[in-house]
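Below, chain A partners chain B and then partners chain C, in two separate complexes.
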Partner chain A sequence: MSQNTPDKDDQSSTNKKAISLPISRVRLIMKSSPDVSCINQDALFLTTKATELFVQHLAVASFNNGPGKETNSLCYTDLANAAEETETFHFLTDILPKKIFARDYLQSLEQMQENDNDDDPDF
Partner chain B sequence: MAERPEDLNLPNAVITRIIKEALPDGVNVSKEARRAISQAASVFVLYATSCANNFAMKAKRKTLNAADVLAAMEEMEFERFLEPLREALEAAAVKHILYKKGQKGKKEVSEQKRKDKEKKTDSENDKSREEEEEEEEEEERMEEEPEAENDGEEEEVEN
Partner chain C sequence: MDGDSSTTDASQLGITGEYMASGHYVLQSQDDDGEENLNDHDDGGIKENFREQDIYLPIANVARIMKNAVPQTGKIAKDAKECVQECVSEFISFITSEASERCHQEKRKTINGEDILFAMSTLGFDMYVEPLKLYLQKFREAMKGEKGIPGVAVGDGLGDELTDDSFTNPLPAGIITADGQQQNVMVYTTSYQQIPTVQQIQFS
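Moving on to the complex of A and B:
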């Protein structure tokens, strides 16, 4: 039989067990989207749960894809690769850009400027 | 509304814990990777919200509901999340909305009956009902692995 806690505590503890991310924060992020007016409780719950599943999925997929298995590590490059190579993660390419060396970037910048010089005499 | 940009981040400690639980033991996750996953999660929420909102607008509703979110998952090609999401929603509903919503109640009652049946057939491992409910989350994960009990086969067939 249950030897514990009044109902209020019970509810919050079951909530915690079902999902670990804070629902209030997820609601805040959802509401930051301008078109959204109201979100019902179930939708909020599902989005929070889905976000947890997504975090797991992204971590596992990147780890399995990458070279980290031998070194037992997960690094940024693995994530950037996963974003580029896996179709369902394509929406992440903007915030998980592949890293390039500064010298490569400067080189490509120079090239672009050379091209621009034709149109833009100030530069 | 969010006043600072940090307000749109998810808590690092929780994200870190979820990542660690998902990966094999002892995997080292770089700080940069954790930050990136956390940001990716925020973007995921926005993307899902925007997809779900499209479905709500099509149906001329102002309030996002569970069906919109599930439809959004399908649209985003995260079908793999649908089943665990439905299970989580049912588990949550069984726990505390059982008496609030009559319509949904039917589903939950039949779900409850099914569980009760399973428990009867499984009388040897007669844990208290509450314990089992608390462990539901873990059981969901474990269902993928073959279970030593007789129940294992039945559950797979039903699913």
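Moving on to the complex of A and C:
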């Protein structure tokens, strides 16, 4: 029944490996959550598999939003945009903050301070 | 305070992104090398002096999955790969804590498959649930077939054992896709295959 393809690094579509992520590492990450005591084997498998799906999902979603500056190249900004625009990925916005240049930030800061000075307290 | 200074050190400026009107921002250095304090230990064994938040899946594996997911001609920047690594750890923790909470509510100590699936559904990943159920079914059948004992609990060597291709047979199945339309699709339970149901999700 098992047609073994011994190549572990075979990246072609004929690769028959079931899972491409190390389960032990997944367990380690799971156990780092507070109050987690025991993890069922099924749960571990499902989480590992789901993680694969997640990586695919995130990569495709970010890529489809339009690769950033360079054509056809997925970069950090694409990921940050996807996190903000796709509701499913909202939980990533804290670790995927958008980047701006320092000078833009400082300019905006100055502008905001000016706006504060101009505002009349009318409520 | 002139605008063209390259003061990128947030601690010197004493501020975070909280002043910005929309979303979070971090300061980007002019020469962005994309290598802040990301992990240097992503290959090789886990050392015990790891902080919990530094535990990531190996970048090679993550990068490979990404590469197979995007179109053939697409490229992936290094900082994007590292970033997805972190996102993955975040995802795992996210799901686990939700599942763990449900476990506690029901006064159980062991997180089982149902908890994970329920957590995914709750957190907006319900599109994964159906394919995962199929994978799990196949996994169970394969484990039974290999061990000859139903429902055997496999130990820590599971990661190695699963690299055997117990999953060479495709899954003939009438699958309810994400669109709710039933179709007969062969789901190949290899890691690099695009799952038909995932493909049908509209990402735009």
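The rule we apply is simple: the second predicted complex is superposed on the first by the 85 of 123 C-alpha atoms of A that agree within 3 Å, B and C clash if a C-alpha of one lies under 4 Å from a C-alpha of the other, contacts with A are read in each partner's own complex, and residues count from 1 in each chain.
Methods note: a residue touches a chain if its C-beta (ideal position, glycine included) is under 8 Å from a C-beta of that chain, and two chains touch if they have at least 3 such contacts.
All figures in this text were calculated on a predicted structure; none of them were measured in a lab.
Chemist: Where does A:30 make contact in the superposed view: on chain B (first), on chain C (second), on both, or on neither?
Modeler: Both: A:30 reaches chain B and chain C.
Chemist: Figure out whether A:106 sits in contact with chain B (first) or chain C (second), or with both, or with neither.
Modeler: Second partner only, chain C.
Chemist: Which partner chains sit in contact with A:97 here, chain B, chain C, both or neither? Use first/second/both/neither.
Modeler: After superposing on A, A:97 lies in contact with chain C but is clear of chain B.
Chemist: Touch check for A:84: first (chain B), second (chain C), both, or neither?
Modeler: In the superposition, A:84 touches chain C alone.
Chemist: Under the stated touch criterion, name the partner, chain B or chain C, that contacts more residues in chain A.
Modeler: Of chain B and chain C, more residues of chain A lie in contact with C.
Chemist: Of all the chain A residues, which ones make contact with chain B and with chain C?
Modeler: The overlap between the chain B and chain C interfaces on chain A comprises residues 1-2, 11, 15, 17-22, 25-26, 28-30, 32-33, 35-40, 42-43, 45-47, 49-60, 62-63, 72-76, 78-79, 87-88, 91-92, 95-96.
Chemist: Quick one: in the complex, what on chain A touches chain B?
Modeler: Going by the criterion above, the answer is residues 1-2, 11, 14-15, 17-22, 25-26, 28-33, 35-40, 42-43, 45-47, 49-60, 62-63, 68, 72-76, 78-80, 83, 87-88, 91-92, 95-96.
Chemist: Could you please specify the touching residues of chain A with respect to chain C in the complex?
Modeler: Residues of chain A touching chain C: 1-5, 8, 11, 13, 15-26, 28-30, 32-47, 49-65, 67, 70, 72-76, 78-79, 84, 86-88, 91-103, 105-110, 112.
Chemist: Would you tell me which residues of chain C are touching chain A in their complex?
Modeler: Within the complex, chain C touches chain A at residues 1, 3-8, 13, 15, 17, 19-20, 23-30, 32, 34, 46, 52-53, 55-58, 61-62, 64-71, 73-77, 79-80, 83-84, 86-97, 99-100, 104, 109-113, 115-117, 120, 123-125, 128, 131-132, 135-136, 139-140, 145, 153-154, 156, 158-159, 162-169, 189-195, 198, 201, 203-204.
Chemist: What does chain B use to touch chain A in their complex?
Modeler: Residue positions touching the partner: 1-2, 7-8, 10-11, 14-15, 17-19, 21-24, 26-30, 32-33, 36-37, 39-50, 52-53, 57, 62-66, 68-70, 73, 76-78, 80-81, 84-85, 88-89, 91-92, 95-96, 128, 130, 134, 137.
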